[in-house]
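Next come the structures, one after another.
Below are two complexes that have chain A in common, paired first with chain B and then with chain C.
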Partner chain A sequence: MINLLMRYVNLLVLTVSVLVIFSFSLAYLFPGDTLTNISGIVPETDAQRAALEEAFKLNSSIFAQFWHYLENLVSGNWGVSFTSQVGLFEQISIAFPASMELTIYALLVSIVVGIPLGFIGGIWHHKPFDFGVVSFSIVSYSFPVFWLALIFITIFSLQLGLLPLSGRVNLLYDVPHSSGFILWDIWQSDIPNKYDAFIDAIRHLILPTASIALVTTAIFIRFTRRAIMDEMEKGYIDAAKSRGFTTKQIFFKHGLRNALVPILPLMAMQVSTLITNAMVVETIFSWPGIGNWLIQAIYQRDYPAIRIGMLVVSVFVVTLTITIEFISRAIDPARDKFERATI
Partner chain B sequence: MPQFNLYQEEFHPSPLMHVWLEFKRSHFALIGFAVLLLFCAIAILAPLLAPYDPNIQNTNTILLPPAWEGNGSIAHLFGTDALGRDVFSRTLYGCRVTFGSSVFLVLISVFCGVALGTFAGMSKGVKSSILNHLLDSLMAIPTLLIAIIIVAILGTGLWNSMWAIVLALIPQFVHQTRNFVREEMKKDYILLDKLDGTSSPRIFWSSILPSMFELLVVQGTMALSVAIIDISALGFLNLGAQNPVVELGASLSQSLEVAYSAPWLIALPGFCIFLMVLSINIVGEGLRSALRNRLVH
Partner chain C sequence: MALLDVKNLTLEIDTGGEFVKALDKVSLMVEAGEIKALVGESGSGKSLIVRAIIGAIPDHWIIKADRLTWKGQNLLAMSNEQRRVIMRREIAVVFQDPTSSLDPSATLRAQLEESIPEELLDKGMFWKRNKQRREIAIGLMHKVGIKNQESFMQRYPHEIPADIAQKFMIAMALVSEPELLIADDPTRSMESTTKNQILRLLSGLNETKNLAILFVSHDLLAISSMAHTMTVLYCGQTVESGRVKHLHRRPLHPYTKALLDSAPSFQINLPPKSHLVALEGTIPTLQHLPIGCRLGPRCPNARRECVKVPEQRSIHHHSYSCHFPLHLLVEEKMENKE
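And now, the complex of A and B:
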């Protein structure tokens, strides 16, 4: 166990340091002045330039610079945005929870819809209902997520006028920012029409969540279906049948549990896909999340923001993956190695 | 004693033939295959099929609806866009760019991935272990995210986005190849080769690669659908193909401004991407189940 933990910590440190070194070298790789790329400030006078170079230790050796960069990263002193001159740490701490909120709700929807459908498909495989489930999953897996979001907007916002087009909550409601999760913030706040604001926020959430969740639901259906099919073919199920258990007993006592263990970590791994899709959908729904922010930064050639945004998102995804991998191996020692999905 | 044999011509289908026989039992897979072939034909023959130049702006006919609507014209089958460009020609050329470049970049990443994966799978020790685990955890970063980051560094453009997606697709092939090579290297027929004194490149070339081919095709179809979605998503975000290159995702985002008055400009390119990805996924699914059933029978 300690051995396993050490191996994963080692892997995590190695990967994160590769990412940090990469992001540090981006300051040199990006076009333009290295000083501006690393600090986000365009020096106007020579004195200011010298002061900035001193502050970021640009005159020292590359290792001293990197060490200083690391210190800044850890202390949350991430420099300022090139275009808005606002601190990057503050911007990301607003944008990141917004994306996470969208991702978490989409994950919940996918689990609630995908797993039961996959179960039914897996039990009655090669029956008409299973055929429908599989077709649904293939079709929805093939949707380009941005097109799906546009279709939803066209149907539900423009044609039917049922749901709002963009944003997180109506501007009428002045929700104070505390955690960054809009529903939680509204719940915690003491604004007068809290209930209306809550409903409004949910109405804003429906379309983005649905367009992200559809693809992931398709993946979950296939994971679950395949896992159940494989599990129900195993020898111990036959043994249980021969002992006279009913199919229901076998399924709920053995098949379900054993099939769930390997696929739960696989599903958690899908968070990274969800985040990517959320980043694309955010730009369509003007959702103030990390994806929207990062893509705006790319349009504006805001190199400090791109550097930090890339680092934050990739470190988050890698940490999440390695942690899930570790947990899944710790609770299920029988598996020799982390398995990739089969669908 | 000579045995009586009623059937003179004995027929033993090759493994590939087995796959095809299994594959064509599913009608949906066949339809998907036909659609895929259609897109291949469009990608190759787009200049011959397209009635107009996709970038010629005809200001006399702006925002003409498709021919099946009341005031459409048969001269412009899918109508025209906000600059009077023929949408049918643009869709054909867009399919050509999106589909063609995706096929191209999947082939490149298969090649690089197999080369690296073979190296990683056949070598031993700390070096290969570091390479493997690092690649594994970097693979967790989704392709589109890597592509966005790489485009942010290299700058926008179709070629840059293609490189980005190639780089993002390579790790999964490395992973698959490495695992497969690892498994095969343990088997007896490889040991036999080794005892015969075969060199490592030859073992790979004549023993491992033929049995890996099917795996690569299946993985390749999955990668192709990811590549199409990613390249059009980058185009949609204005990070990929820029004007005058006609790309489906890019033309979709250009028609966003007139989305309310001309919804077909959003529907048609998006539907093309959808159909492309759907046919690839159906073919991939058919191939997977054909391979699985072939092993069962």
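And now, the complex of A and C:
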């Protein structure tokens, strides 16, 4: 186990350092002044330029510069935005939790809806209910996310007027920022009309969550259904039947567990798709998340922001992927253990 | 009364659009305390019979039988729940491939202890019951001849060798103290030492516990050493059945004769480098079954009448399905000479 852990930590460290090197070299690769790209400040006088070069060690060798860059990254001193001159760390620490919130809710919805539907479809496959489930998953898988979001807005916000169009919470409610997760923040705060604010935040969440979750739900349904169908045809299920176990025992104790072991990592890999979709949907719903923020930065050629935003998102995805891989490796007894030689 | 009585079992299976009679009027009877062998080539439907008996057949396959009874109760007419109870306590099955018949994500202990029926435990608090389960499990593993029970109990199915796994499957089958053990080719792909251990274990269980065994195999040598009676199957039809001794001494069906002749172990005076007798051709595929007696095209004695399915006839508990059985042919020849 320790060996396995060390291998994954090693992988993580190497990948992240490649990403950091890449983001550092972006300061040189982006058009314009390297100093401006790395600091976000346009020097107005020669004295200021000299001071900045001194601060970012641009006069020293490239290795010293990189070391200094690393130190700044670790200490949270990420430079300032080109356009607004606000600290990037502060901006990201507001935008990132908003994206996470959306992703987590969408993931929960996909799990809660997708796995049971896939399970039922897999057990009663080629029956009317299963055909319904499969058709639903094919249709929802085929929707482009951005188009779906626009259709949702058209129907539910503009025509029916049921749900709010954009944002996280109505501007009437002044929610103090603490964790960045809006529902948690409202719960924690002591603003008046806390209950109304909570309902309002949920109403804001419904459309973006639904438009992201639909595709992932479809994928989860298909994974679970296929895995259950495959698993139910295996010999040990027949053997369990022949031993006179109850159907419930067979499905839940043997079938579901064995079906989930191989597909859990596959499902977890969908989280990166989910994040990508979340970033697209954020822009449509004006959700103040990292995707929206990054796209604004790209529009405005805000090179320091693009550099840091790319680093944060990619490090997050890489860490998540490797952690999931490690966990699934650790819980599955049949993987990575020696196979017994047979005669 | 026979424990298991199968009479004219017909099973039609779905081969992509059309239904084919994979089993055609199969009859089989297992008496209490006997070892019954079910012999046939690969693809002759041996495993299908086992699956029909235990009820592991897809719903859309068509199963018909004059009789499919367990101690007089009709297995086909009863509800799933009644059938489950019988499978739980009275019939046990050992499958061909032991490793794939075990849940890959549970330890052997968990699986063996799950199989112990609640009735076998005394009433008590759960920790006492857990301890009892454990003792029963260890006792069973000892009984089937697995050493180092404790260490094997903690392993997963992919970590144990095939022979231990097969012994373990037998232990799991014995846990409910069944009356009939169906062993579906339990020694497949095992080398002879291990095979002998398994066969000896099964014969021993038959003698000590009066356990009836339906032994499904194509290993004639193993069968002749342990089985009391045998039924020969060809292409989903029962060809001949009777006591092993009688079948050996005087097979009445041409297929049985060919089967016995093809095994060199049964021929004492076989000169070196001589040809083994074998029937022409191969076993037909399910899509191209001949009508009537399915051995017809390959049978050395086939005549025009063989396009009709022969009735089952019997002489002294020795039954066969053939229009021109070997003993009648001999008489015919004698007549011709005269």
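Worth pointing out:
Just so we're on the same page, the second predicted complex is superposed on the first by the 333 of 343 C-alpha atoms of A that agree within 3 Å, B and C clash if a C-alpha of one lies under 4 Å from a C-alpha of the other, contacts with A are read in each partner's own complex, and residues count from 1 in each chain.
As a convention for this text, a contact is a pair of C-beta atoms (placed from the backbone, for glycine too) under 8 Å apart; a residue touches a chain by one contact, two chains touch by 3 or more.
Computed from a prediction, not measured in an experiment: that's the story for all the values here.
Once the two complexes are overlaid on the shared chain, A:His254 sits against chain C while remaining clear of chain B. Once chain A of one complex is fitted onto chain A of the other, the partner contacts of A:Trp67 are absent, as it touches neither chain B nor chain C.
Once the two complexes are laid over each other on the shared chain, residue contacts for A:Leu11 go to chain B alone; chain C is not touched. Contact with chain C, but none with chain B, is seen for A:Gly244 once the two complexes are overlaid on the shared chain. In the superposed pair of complexes, A:Tyr28 makes contact with neither chain B nor chain C. Of the two partner chains placed by superposition, A:Trp187 touches none, neither chain B nor chain C. Shared interface residues of chain A (contacting chain B in one complex, chain C in the other): 340.
The touching residues of chain B, counted against chain A in their complex, run 130, 133-134, 136-138, 140-145, 148-149, 151-153, 156, 175, 225, 229, 232-233, 236-239, 249, 252, 256, 259-260, 263, 266-267, 270, 273-274, 277-278, 281-282, 285. By the touch criterion stated above, chain A contacts chain B in their complex at residues 11-12, 14-15, 18, 26, 29-30, 138-139, 141-147, 150-151, 154, 158, 269, 272-273, 275-276, 279-280, 283, 294-295, 297-299, 306, 310, 313-314, 317-318, 320-322, 338, 340. Interface residues of chain C, counted against chain A in their complex, comprise 51, 54-56, 84-89, 91-93, 95, 97, 100-106, 114-115, 156, 158-162, 169, 172-173, 176, 191.
Here chain A touches chain C in the complex through residues 234-236, 238-246, 249, 253-254, 257-258, 261, 332-334, 337, 339-340, 342-343, going by the rule given at the top.
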